Amino acid sequence: MRTSRLEAFSDGVLAIIITIMVLELKVPAGHRLTDLVHTTGVGLLTYLLSFVYVGIYWNNHHHMFHLVRRIRGGVLWANLALLFCLSLFPFTTAWMNDSRFEPTPVVIYGVNLLSAAVAYFVLQTVIIRQQGPESPLRQAVGIDVKGKISPPFYLAGILSALMIDRSGWAGVGIALACYVGVAIMWIIPDRRIDRVFRQYEAQD
Amino acid sequence: MRTSRLEAFSDGVLAIIITIMVLELKVPAGHRLTDLVHTTGVGLLTYLLSFVYVGIYWNNHHHMFHLVRRIRGGVLWANLALLFCLSLFPFTTAWMNDSRFEPTPVVIYGVNLLSAAVAYFVLQTVIIRQQGPESPLRQAVGIDVKGKISPPFYLAGILSALMIDRSGWAGVGIALACYVGVAIMWIIPDRRIDRVFRQYEAQD
Amino acid sequence: MRTSRLEAFSDGVLAIIITIMVLELKVPAGHRLTDLVHTTGVGLLTYLLSFVYVGIYWNNHHHMFHLVRRIRGGVLWANLALLFCLSLFPFTTAWMNDSRFEPTPVVIYGVNLLSAAVAYFVLQTVIIRQQGPESPLRQAVGIDVKGKISPPFYLAGILSALMIDRSGWAGVGIALACYVGVAIMWIIPDRRIDRVFRQYEAQD
Amino acid sequence: MRTSRLEAFSDGVLAIIITIMVLELKVPAGHRLTDLVHTTGVGLLTYLLSFVYVGIYWNNHHHMFHLVRRIRGGVLWANLALLFCLSLFPFTTAWMNDSRFEPTPVVIYGVNLLSAAVAYFVLQTVIIRQQGPESPLRQAVGIDVKGKISPPFYLAGILSALMIDRSGWAGVGIALACYVGVAIMWIIPDRRIDRVFRQYEAQD
């Protein structure tokens, strides 16, 4: 089976996830700039963070399936599992905002990030296994520094929000720094994948 | 008429259905883990169930139209009837959750599952009839064990929620077990279809 | 410019319109069948009517652009005008339901149907003009019985809801009968278009 | 990397943005024409304005990527930045409506328009730089009168809403006239781009 319709369906789901989060932004009751900052300010920043994360997953998904020619059943379900994890972002983002960054919602947001990373890794592994020993995806992924670094950072964020100074801001601050830091790391272009990718294209 | 735009439209509708269900998840008013479990816990599980069902239909729809080259008017309307049934999932899921699994909403959810199964069967039949005696879809479907088993299970669920122990949990428990069981059955890969499918591809 | 991306965008918008209407269905507060019928019954029927209308427009749009190879600027804007009219369906449907079929909302729903029909006609005319004297779309449309009959029926519905027996049900009943009747007329397949269409395909 | 999936994803996001704005239209509580005009009248006009703006961006995006064959990482992020700015339209439109055109929300709407224009310009610049000295996009854009005129007009609107007659309507009126005027300017077809575009197609 070709990948075109799976890509189209995933694009559709990701486009909807990235867009409906804006429906969670609360319109201020007042009409001054302070009302906007107070009601929506923090929500806008977390919306931006979740938007960037969905963008990163779309970007990586796009690159990954460019190296896939044919798929079988397992990939469909691994892909749906990834989409399910990502579809919870609007919910976990909304709870984190509504609570004004209480530790538990910040932890749950981190768990959501972690579950999406795990689902992405599972999807990647299923594809590599189906492609066999000559898998172009395995070559492109290589040692996968970013993929290996991200989950420990999410975990560090989750643990610091869980344990450090639950009545203050230190733990939550460290957690948010971890989540933002991983996002920034992914935006920086990955020349290694690009190189293997271009070789594969050239052979093709 | 080619099937590409019908597939694109169906993908769009299914992507939206599968994603907007997350908008029905209620954000907890409190910010503790118990608030999350109490407000959203059950909703998350039924969201997962409906997500899996829409995923199953997308998967089957995808396989089915891979064996279809050209379509005529009747298929468009049979396809829209299927999409209509599936578009009610967010609504019936929300009612089942809001009622905390009262018998009637559980019955209506089952009726929704049953109606989607019937609509899918009608769509399949219309396509097979248009393809004529050499229909590749008929060969792929074969004796269609899963398709034949599912409606009786939905019916059994509906009847047990309707009739067994309406003041207790027995009937509803059996009904939910039926709905979950059918979903699990569909996730298990169907080697028979895959085999015919590959033969068809090879001839092509 | 080719039509593929215009079709993809229109498909996306139509898929969203047809699906978000289900978000307007109110989940019953109670959990009995009578609550469902009372809260959602009428809403479900009008949802079905609007779903069918969007389905008809998707179907016709699909057929129309199958006969179009290249487009210029005017078509893009005429297409957006049609999508704008159709995007108001969720709103006018919701108002008609909320009011329980008061005359004015029924009139506005009819005005929405009429405006979509006019926008579709304008789009068709712009395309035919761009295609020039040998326009395959003009041949396919022919005398266009359905397209010519629909607006008078919408107008009849609008006028009867406006004028007949505003304290009773007669006028609204006639209006709804007109709206449902036109929808049924469009579902019946149009062999004339199909015939010209197949000739065009054969030449191609 | 080819542009097809980036275009499909952008189409999906734009289709959702343009459609979910209708969910912000408030259904009147009463059921008379005056209720409709009072509750929804102004909202309908601003919905139309934002609909036209998203339509303009879709249109320009469509033309731009028609002149792009291959893209690299930077374009993906510049494109996501544009989609982020556009995804805020439902929110800024809703606030402007809810406030009944108080100066601050009108300013914020203008800032949103301006940010989208800047993001579009950045995307265009990134693509032109990647295409190198023979960039077909640079030739098509040419001196780009519309693109250069729009930001000053947005700025003029923002400043007049900020400064002129904050207790009256003059400043807001000028601002809205600027926003509407730029939209009308973009709807008028741009023969210059069309000409270069057709030359490029002919060479191809």
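When the chains are written out, they are named A, B, C and D in that same order, and each has its own residue count from 1.
Simple rule for what comes next: a residue touches a chain if its C-beta (ideal position, glycine included) is under 8 Å from a C-beta of that chain, and two chains touch if they have at least 3 such contacts.
Bear in mind the structure is a predicted one, so any value in this text is a computation, not a measurement.
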**Q.** Between chain A and its twin chain D, rotation from the CA superposition, multiple of 5 degrees
**A.** 90
**Q.** Interface residue overlap between copies chain C and chain D, same or different (over half shared)
**A.** different
Q. Between chain C and chain D, what's the gap in Å when you average each chain's C-alpha atoms?
A. 27
**Q.** Centroid distance [mean C-alpha coordinates] between chain D and chain B, Å
**A.** 38
Q.
By the touch rule stated above, which residues of chain C touch at least two different other chains?
A. 8, 12, 15-16, 20, 23
Q: Over in the complex, which chain C residues touch chain D? Could you list them?
A: 1, 5-6, 8-9, 12-13, 15-17, 20, 23, 72-74, 76-77, 80, 83-84, 87-88, 90-91, 94-95, 98-99, 102, 104-105, 108
Q: Going by the contact rule at the top, pick out the chain D residues touching chain C in the complex.
A: 7-8, 11-12, 14-16, 18-20, 22-23, 25, 27-28, 31-33, 36, 40, 48, 51-52, 55, 58-59, 62-63, 66, 187, 189, 194
